[in-house]
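Per-chain numbering from 1; labels A, B, C and D assigned in written order.
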């Protein structure tokens, strides 16, 4: 059995939307154009598939397999890394998806904490993650920390304590939370072959200064270029410029939040900006009207200076 | 297509545990003895299968089908009603389970609100429920309201508004929440062919006085006899006796809560009381030690007067 | 030193509003007419002064003293019991108000849990309560449990454990919460000289069946007569009638909640129903417009059958 | 009437503890030595008095006046700025304290949102703040944002919208929250004469990169020197060094949190580190044992390299 790669996951990673037909079925035919858009228009070369943005938990196991396969196939030679999220409420389903991701050639897998029954301690969660990771031991394994969605209150740095003892393939986390002491402590205890990616797009700069390796988020689908500039500015020590870009992102997101921003709106905004017909979300999300998304897209272009105010 | 039955669901309904082997696989061989135990030892004649108590959301679709089939098969001629919970995070999975429940001969289906992406309004939730119900239109349909688990803050009585217009098979709800104004308003607007079952075992009496049709709960697996006496006392107007029994139940549950009561403990307590080897829970729940469950079982027997203090 | 009375506090207790002038100063001149209204029009003979409804925590210590004095003075020979709420964030202030209540002739004092710094355990809270009670040891002492306002998650029955050892004047509680197992356990362990009053008006019936001694609430200011009928019906074993009245109360309150019910609206509704010019609330509450309160008052009259629909 | 100063509030501001005698009375005799300690040992030259750290809301109005007077008196010619927190649940009390602060020569006043009755909108909160500010219009006014303590969910940047129209003396805020998009938006809309101070000590660096003017916190009482180095490193663009210091602070705080860190522990830790006998906290806080605080002090010295591990 191969040892999992120590190749770091850095820079921007787009958490991808899932294309659906107007009837609500998964439409893999759009994955190819989606890959091209990300690479060519947004400068994004890694993806996080079937996560929250991809409505992974609203999909059946078979649908998730189809999507994982297509992203790996279409991303070959174009994308750097395809990370497949395989977290489910059911451990059995997660294991099946992990095995499938390995067969399909994914570059890594990620798992969210189960959120209906909640693990009672960091150790319990590690056991759950371990059982999934063991189904694909050759793949780099990432823990996906998103307390606002899971309702799990435990700290990521406690979950990471000794985790490589039980999960030899552990290679990092996606941290989608606001507790930057917790994130900082993950960074300060992190071995060099782990990647610690931040997932709250609107305050990325605050995590970079704490030592984030990169970023995973939904807005990088359509803001990839601009946020790449933020990363570069930060790397060059130009905090003023980085802050200016961060404020632009905040302006766009807070404007959207005031209008009622949810994943459905986010998806429709991506359709407007990219031109890709990604379709509606699945229930329990309701489609966002096109005019509403267009108004957001206009604001986005204005803030980015792509269009006159 | 048959019209769904108007047969009411009343009295005590046991929310069943799912038997697992020590290795963690579903063990349907125990369902037969389980049915006999409920009927013969606890006087319980209806069951709610694959719900929270049954770890339904931790099971795969195939496992849930196997369980539904076996409960329908073994319950035939012994149980009055087998209600199969078919709620999933994925609408597609729920629809598949609903169709299967109809083929299998279930007496009704129930659906919990999706809890990862949360419906943004009562109307959105009704649409989700409608899509599931439409996959098995001949089966009585129940909404399963359990805000503490789903994190959904909307009121049940708003969800029920006009629900029969979109779900002709709607026949009631399982209300597992503490807001008794909400429950009271469900009762006051309820047509006679609906059944409104209460699901917080430790305060059942407070819901009976508001007009509950019956009760669904996990403790009725092992406290069925005693709670039947509570129901009878209430029906006969002997509130003093009903209250005394309710206080016994509260004593047992609060004692358990102080020791750290969760579904794993609950399941092991059932094993101790019934003698049925139902096995461990599935991750992310951890097994409860046998001595701990024995101590709870002892308290239970003491409080019920089945054993000297 | 006199021993505190064992006289029980039963039936309906109105949590009184605080009359303010249009300029926002306390207006004690209305207390006399207020007493008469409660006794003559609503059949209410006990009051709970300077509590949540009375905006007690928004008043200065001197204002609270003035109000306590006037209620005791005007209530003499007309009211059965005047309970003065003396809870503050500052222990020193609470002690001063407790001493004053004793001098003023109050029939009892009540204390809410401090809610900015929250007691870390039931024992810590008991110590706080003990320090207040010790400032007026001859007055019956009531703990005021209202977790939705204080954010305190501990159970009332744990707070009551052994409380008479440290607070000899302890005589009961006002339980304004929805956890009826907790309330039931307070009842089941309660010595006969305590009074356990329930404070969630919209589900009073559910607490009566658990053994509540009476009720304290804001709606009894204007719904006292109707709720007295509920109490009588319950006492006579006519649960159907009691339930019908409870549903009326629920209809009125839920209608108000949909319109945005807060204490300001509640106060203005009282003005409309009683005709007493109680004035605006104090900031951070904003006044409710008169037409809005009139619309609620109309609904109230319709539901109670005092006016045609 | 003098126009309020535009002098910025920058650098480190210590949120001071309140010295109490062993009997629990305010002990102003320690303020003089406390000032000297801050200036001479910690390099801190501004203070935030009677805030959360100072148990302001647990003190009576008179006690708060005594403390404000003494800090102004002892800080004269030694401290740069003495900001007096005058927030109370009661608007009247806040106004009285604001007037007093002006008479006493405070350099500014700050007000927390009332947290028992919560303002229903940013505009309502602004009206409350305005009424307080108007009682001392010549003093710079700061809004104190601390949602975890107040339970108030509204965003600071919405509270700040147009605030100088109603509060001409408005000069900034203390932002003690984790929402760095919100903080970023305060910064991006902030006129140059406002000061935006950050108050979550364990993630200060994340706020500096967003543009914080300075920091107010309790740990600067005993970690002032080290955090000054963090500020300097940040100003010089040495993010690596700033991060290293931030990780030290996080190590100390998270170690303390694991042991049960609250204000009582924090106060006792200050006693251990500074040698100032600041006494116990006031109920509802319980005193922290000295050995426990000594163990924290030891950890602190180890992490800071002031003592061998």
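Just so we're on the same page, a contact is a pair of C-beta atoms (placed from the backbone, for glycine too) under 8 Å apart; a residue touches a chain by one contact, two chains touch by 3 or more.
All values reported here derive from a predicted model rather than from experimental measurement.
Peer 1: So which chains count as neighbours of both subunit B and subunit D?
Peer 2: A, C
Peer 1: Given a C-alpha superposition of subunit A onto subunit B, how large is the rotation in degrees, taken in steps of 5?
Peer 2: 180
Peer 1: If you average the Cα atoms per chain, which one ends up farthest from subunit C?
Peer 2: A
Peer 1: So how far apart, in whole Å, are subunit A and subunit D when each is placed at the average of its C-alpha atoms?
Peer 2: Distance between chain centres: 37 Å.
Peer 1: Cα centroid separation between subunit A and subunit C, in whole Å?
Peer 2: Computed from C-alpha means, the inter-chain centre distance equals 50 Å.
Peer 1: Which residues of subunit A are in contact with two or more other chains?
Peer 2: Residue numbers touching two or more other chains: none in subunit A.
Peer 1: Flag every residue of subunit C that touches subunit D in the complex, lowest number first.
Peer 2: For subunit C paired with subunit D, touching residues are 55, 57-61, 63, 89-93, 96, 113-120, 124-125, 127-128, 131, 149, 151, 262-263, 282-286.
Peer 1: Given the complex with subunit A, which residues does subunit D contribute to the contact?
Peer 2: So the residues of subunit D touching subunit A come out as 157, 178-181, 184-185, 187-188, 200, 202-203, 205-211, 237, 239, 242-243, 246-247, 250-251, 253-254.
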